[in-house]
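Across the two complexes that follow, subunit A remains constant while its partner is subunit B and subsequently subunit C.
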Partner chain A sequence: MRRLSRQPFLVAMLLIAPALLLRSVTAAWPFFNNAWLSLHRSNPTLGPDVYIGFDNYRRLFRSTTFQETTEFTILYTVASTILEIAIGLAIALLLNSALRARSIGRAMNLIPWAVPVVVTGIAFRFGLDSSFGLFSDLFTRVTGFQVDWLLDRWPARMSIIFTNVWRNAPFVAVILLAALQTVPEEILEAAKIDGANAVKAFTSISLPLISPVMLSIGVFFLIWQVSSFDLVLSMTGGGPGNSTQVLGYQAYLDAFQSLNFGRSAAMSMVLLSLVAVTGLLGMMLLRRVESRVN
Partner chain B sequence: MARTDKRFDRRTLLKSAGGTAAAATMISLPGLPTRAQSNAEIVVSAQAFSHEPLQPFVDEFTAQTGIAVTFFANPAAGGEQVAQLTPQFASSSTPVDVLSSSDEAAPLFIRAGWMEPLNEIVDETFWSDFDQSVRDYVAIWSSINDEVFRIPHGWSVGFNWVRQDLLDGYGLTAPETWDDIRVLGEAAAGDGMFAFADAASKPSLAFVYAAYIVAQSGGNIFAFDEQTRAAFEFARELIDSEFFPRDAANWTYDQLNASYMGDQLVTMRQWSFFYDVARDNTEWFAEEKASIVLPPGAPDGQRATWAGAWGWMIPKFSENKEAALEFIKYISAPDLAGPLAEAMSDYIIPRTSVFDYLGDEGLVRYHKEYAEAGVITPRPFHPRVSEAQAIVDTYFNGYLLDQYSIDDVISNGQAEIAALDEV
Partner chain C sequence: MKQRRTSLILGYCAFALFVFAVCFPVYWIAISSFTPRSSLLSSPPTYFPDTLTLDNYRRLIDSLPFREYLTNSILFAFGSALLAVFVSFTAAYAFARIEFRFRNWFFAFFMLTATLPSIATVIPLFRLYDRLGLVNTTQGLVLLMGSAQAPFTIWILTSFIRQIPKEIDEAARMDGAGLVRILVQMIAPLTKPAIATLFVINFILSWNELFYPLVFAKGLEAKTMTLGLVELTTSAGEGSGRPWDLMSALSMVMVVPTVIIVALFQRMIVQGLTRGAVK
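Up next is the complex of A and B:
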């Protein structure tokens, strides 16, 4: 023991070894195995795996379906995240104000987030149906326009993004509400005495102070949403055509409907690289914002 | 009674908590796909709704053989069965000994070498009980190199449902050709109704509808040939003429049923389960509102629909193959086919034994009518069925909703089907 205590590096390694081993088994091995699989024709219906180098990737990048799917995956993720933060912030400000029904409002706010995603998807699928959908009918009565929400490319894309925002914005609001409540009251009071109105106080004091939280939640939501597909599955199945198809769903279909493990692994690697780039950029931005705030 | 002086100390608390956690874990395990139990007990995977009607037959089997049966729930959709069982089959084990398998899953499982051949329990006498349409189907969908891997027990036919009451009002008969659907469309438009509909959403349902009309045009859907083009163009024409609801391109079967029972459709293609759905809606139902007639046909084609099946299989990783074989032999026997079909409409299948047992009553009358008219074509087959169906699904659904031109659909479809042979 005495000898060990003289070698702090060894002790540190011994202490983190269990965690390291666990992560190796649950994260590193699947990652390397997936990367290796993506270089193979791996489909049990076609016989043993065959090494084919980067053919799976070459075929993916040549495929118009893959390009369309990647395009919508990025649009869905980025647009959803921006809107969730913007609307979540608006809700958080509302719930942070001195409203009489604030407690009830805070409790009710989380209801959309508590509903299972697939239930939400099916409910909106029915609600947006052009013939007997409640939301479609309401929209037509209010605006006078008839829109086939789930049947045309852009309305379908907007519908999925809107539904996703409707579900997730309340959760973002709760996080941002917690952040808003950490802003010291005395600073806001001092600003008021100095003549700052509510907008000025928010933009000059509250917003900079909560921006690291906003950025963190933004990065997390980008990462979570880039691979999610439950809403797409239950609302449009990726249609019309391939207009609302996302990479995560396509990878799932390739692996678990078609047994094309090689192509699914290649698609997962592309998805992983999207997540990695997003995460890296987000972390860099977060550090910059945090250093500015501090 | 002597009072014990045992203290409930921290160690006892930890031991109790540990024991409870372990017990809870063990109790929860049967819900997970674990390795099938050995000895005279088999795990049978079947759709959840069939467990209760099957139970009396299973009890009889247990009484006769001493082999206990536990049910395992199949997912409702065929494709999801691939997701449910692939991880375990791929790791050379199985949670079930007998599997009721769908068309989407069976060819993949068979070609992956995960299933056991069943030739020893089926011979020519056994097959002579089945209609030729089922035997043709088995040869394509359930066999490789004369080895049979799946014994069909359920026969899903795409029936042509018509509102006889409305047709009588229009002075028309049920459409026999595509032209008749056009005529009906003109007549029904005045009432704000659609002549015909099918659910055509992704995933899977668009393929079902596409295969139905391509069967009528006589095409090969996976070849994206000229007859396929004609069928797709006809489907699009129906939407553009407002004889077929455009929304149906994103409908589920629930929405199709709701629209039909909401008096918006004069005819529809729907599976046999609508027979019970319609009758359960007692406020709406009347015999003439849910009549079944033979399907229409294309001008140069034939009156046709297609059928798919669910059937019994044995995973080759089962540790109870003998008992599993006994079960399939018992449950597929001709003398049980009739009573099973009587207990569950999903088990109605064109077999002499079923037709003899059930006579002309109920849904079996229409199965018999379709079989005798020869309008049932085998489900379109491709060795990589899920991927091929997904290609049709995407392009047909996209074409119906104006995402692709017909030329793009045909050329891209052909190219993507051809690409399946590359990898």
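Up next is the complex of A and C:
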């Protein structure tokens, strides 16, 4: 009897072993090691690591650059995510309507996702150049305003958020479109017969039904975007000044250009705490929304 | 009736705007890559270039170690996708079919590791790779990327395998088929579409990946095209000093394959991506 209950465990372990080993060696172990490292002065040019307690963190929290970087990281992540969901929903609604061209639209949605982020960053960096960029020129022709997109603080911040939204909103639309298609047609028809117009039918039927999906992609995108930095690296390099710098890129620079491993490890732990807080809040909210829907 | 027509016209306008917004940046890279270098950084810019040339591509092949970067990108993307799908398939079978102790814990472990920012793991990994001689090798990069893709792949494959009727493996087991035979001869063929989809998704994601190559690729042996492109940006000076001719041509080389893959497998990819979020 005991052997029988133990065997499936062994078989299962055998099957998950390769993935488990990979994840343990390349994610779990280095994460704990990184947490430990953040309590050390660690720099390969200065000899062995020295335990210094929370000094790395203390120094970080006193630095105004770090504060600015953290603030922009949060702004970038939150603003991008909100815009991506709003615009993604608009695209999904457009493609869910009875337009003939919607199948073309569905294929289009995947293009910004399939273009390498690095390419997107560089295309927008050049496209927004105020003398020879096509996007900047088009903007000036349409609105009459001339803006140095990537040379001033706030225009640069807006540009990078906008570019990020260009890349991700269609991807969000793919998922929201699939969610909208699960809304039963009969209920929408019944609402129409009862005299509800399209807006009313959307806000009282479709929106509540897809809200758990919206919330979970929201959390997913917050978590994923807070640490991603390939767009910042390829588009602005964190500039002008420090105005579009994000924690992930700063941690990368600290580690692999300044070789200040301890400081970088502490910074990535701060980043991780943002992820953890977002994840926990997201899960609590999701539970509440789901219980209301069911 | 009239109201319907206005809303239809509005819909098409919005649709046109959407198509334009998606295509314009891609169009800008494409025309730049075919514009002669001399007229590339002109002010005001040209929307429809009158002379097209392949010179930028020719220079790209000559001036960069282009062939190495291309080969490395292909090996890296192919290897990572293959590794991720392979280790995830067996794990997904266990999660979908076997009742074992701590199953939910193991599953949660995989999902939790997926939320770890990779920047919070690379310093220890770099030191480890340094000791093992894996820095600047494609194999080392494949291990990292394949591993990073495993959680999502396990998640989606598990939900696909759950859909296959249990009776199929039970009948096979009655006939005396072992686990390996069930996996290879029954489950694998039945989940072929899902496996192919995840392979394609993982291939595109690795092809586009910058972070791991940025940290771990130091020379021609492992550098990918994404890294080559970033290095072009930082190589020359500011603004017009940058080799936009080479950069746009290299960008096209990176974009065209993924856009073709997306066009071919659109339906599959959408199914794979939405599987987790929408039941």
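The rule we apply is simple: the second predicted complex is superposed on the first by the 266 of 294 C-alpha atoms of A that agree within 3 Å, B and C clash if a C-alpha of one lies under 4 Å from a C-alpha of the other, contacts with A are read in each partner's own complex, and residues count from 1 in each chain.
FYI, a residue touches a chain if its C-beta (ideal position, glycine included) is under 8 Å from a C-beta of that chain, and two chains touch if they have at least 3 such contacts.
A quick note: this is a predicted structure, and the numbers were derived from the prediction, not measured.
With subunit A as the common reference for superposition, the partners subunit B and subunit C occupy clashing space. Of the two partner chains placed around the shared chain by superposition, subunit B is the only one that A:Gly241 touches, whereas subunit C remains out of contact.
By the touch criterion defined above, A:Asn56 reaches subunit B but does not reach subunit C. Subunit A has more of its residues touched by C than by the other of subunit B and subunit C.
In the superposition on chain A, contact is made by A:Gln257 with subunit B only, not with subunit C.
Judged by the touch definition given at the top, the superposed model places A:Gly88 against neither subunit B nor subunit C. Looking at the shared chain after the overlay, A:Gly105 reaches subunit C, while subunit B stays out of its contact range.
When the two structures are aligned on the shared chain, A:Gly218 is found in touch with neither subunit B nor subunit C. Legend: residue contacts after superposition of the two complexes on their common chain; A:Val117 is shown touching subunit C, with no touch to subunit B. In the superposed model, A:Ala27 lies in contact with subunit C only, and not with subunit B. Of the two partner chains placed by the overlay, only subunit C lies in contact with A:Thr182; subunit B stays clear of it. Listed for subunit C are the stretches 95-103, 239-247 or 257-265, of which 239-247 clashes with subunit B, judged after superposition on chain A. Residues 125-126, 129, 131-132, 237, 252, 255-256 of subunit A are contacted both by subunit B in one complex and by subunit C in the other.
By the touch criterion stated above, subunit A contacts subunit C in their complex at residues 8-9, 11-13, 15-16, 18-20, 22-23, 25-31, 33-34, 37, 42, 90-91, 94, 97, 99, 101, 104-112, 114-120, 122-127, 129, 131-135, 137-138, 166, 170-171, 174-175, 178-179, 182, 213, 216-217, 223, 226-227, 229-230, 233-234, 237, 248, 251-252, 255-256, 261, 264-265, 268-269, 271-272, 275, 279. Considering their complex, residues 79, 82-83, 86, 90, 104, 107-108, 111-114, 201-203, 206, 245-247, 249-252, 255, 258-259, 262, 264, 383-384, 386-387, 390, 394-395, 397-404, 412, 416, 419, 422-423 of subunit B touch subunit A.
For subunit C in complex with subunit A, the touching residues are 11-12, 14-15, 18-19, 21-26, 28-29, 32, 40-45, 47, 86-88, 90-91, 93-95, 98-101, 103, 106, 109-110, 113, 115-126, 128, 143-144, 146-148, 150-151, 154, 179, 204, 207-208, 210-211, 214-215, 226, 229-230, 233-234, 239-240, 242, 244, 247-248, 251, 254-255, 258-259, 261-263, 266, 269-270, 273-274, 277-279.
Residues 41, 43-46, 52, 55-56, 59, 64-65, 125-126, 129-132, 148, 150-153, 236-243, 252-253, 255-260, 262-263 of subunit A are the ones that touch subunit B when the two sit in their complex.
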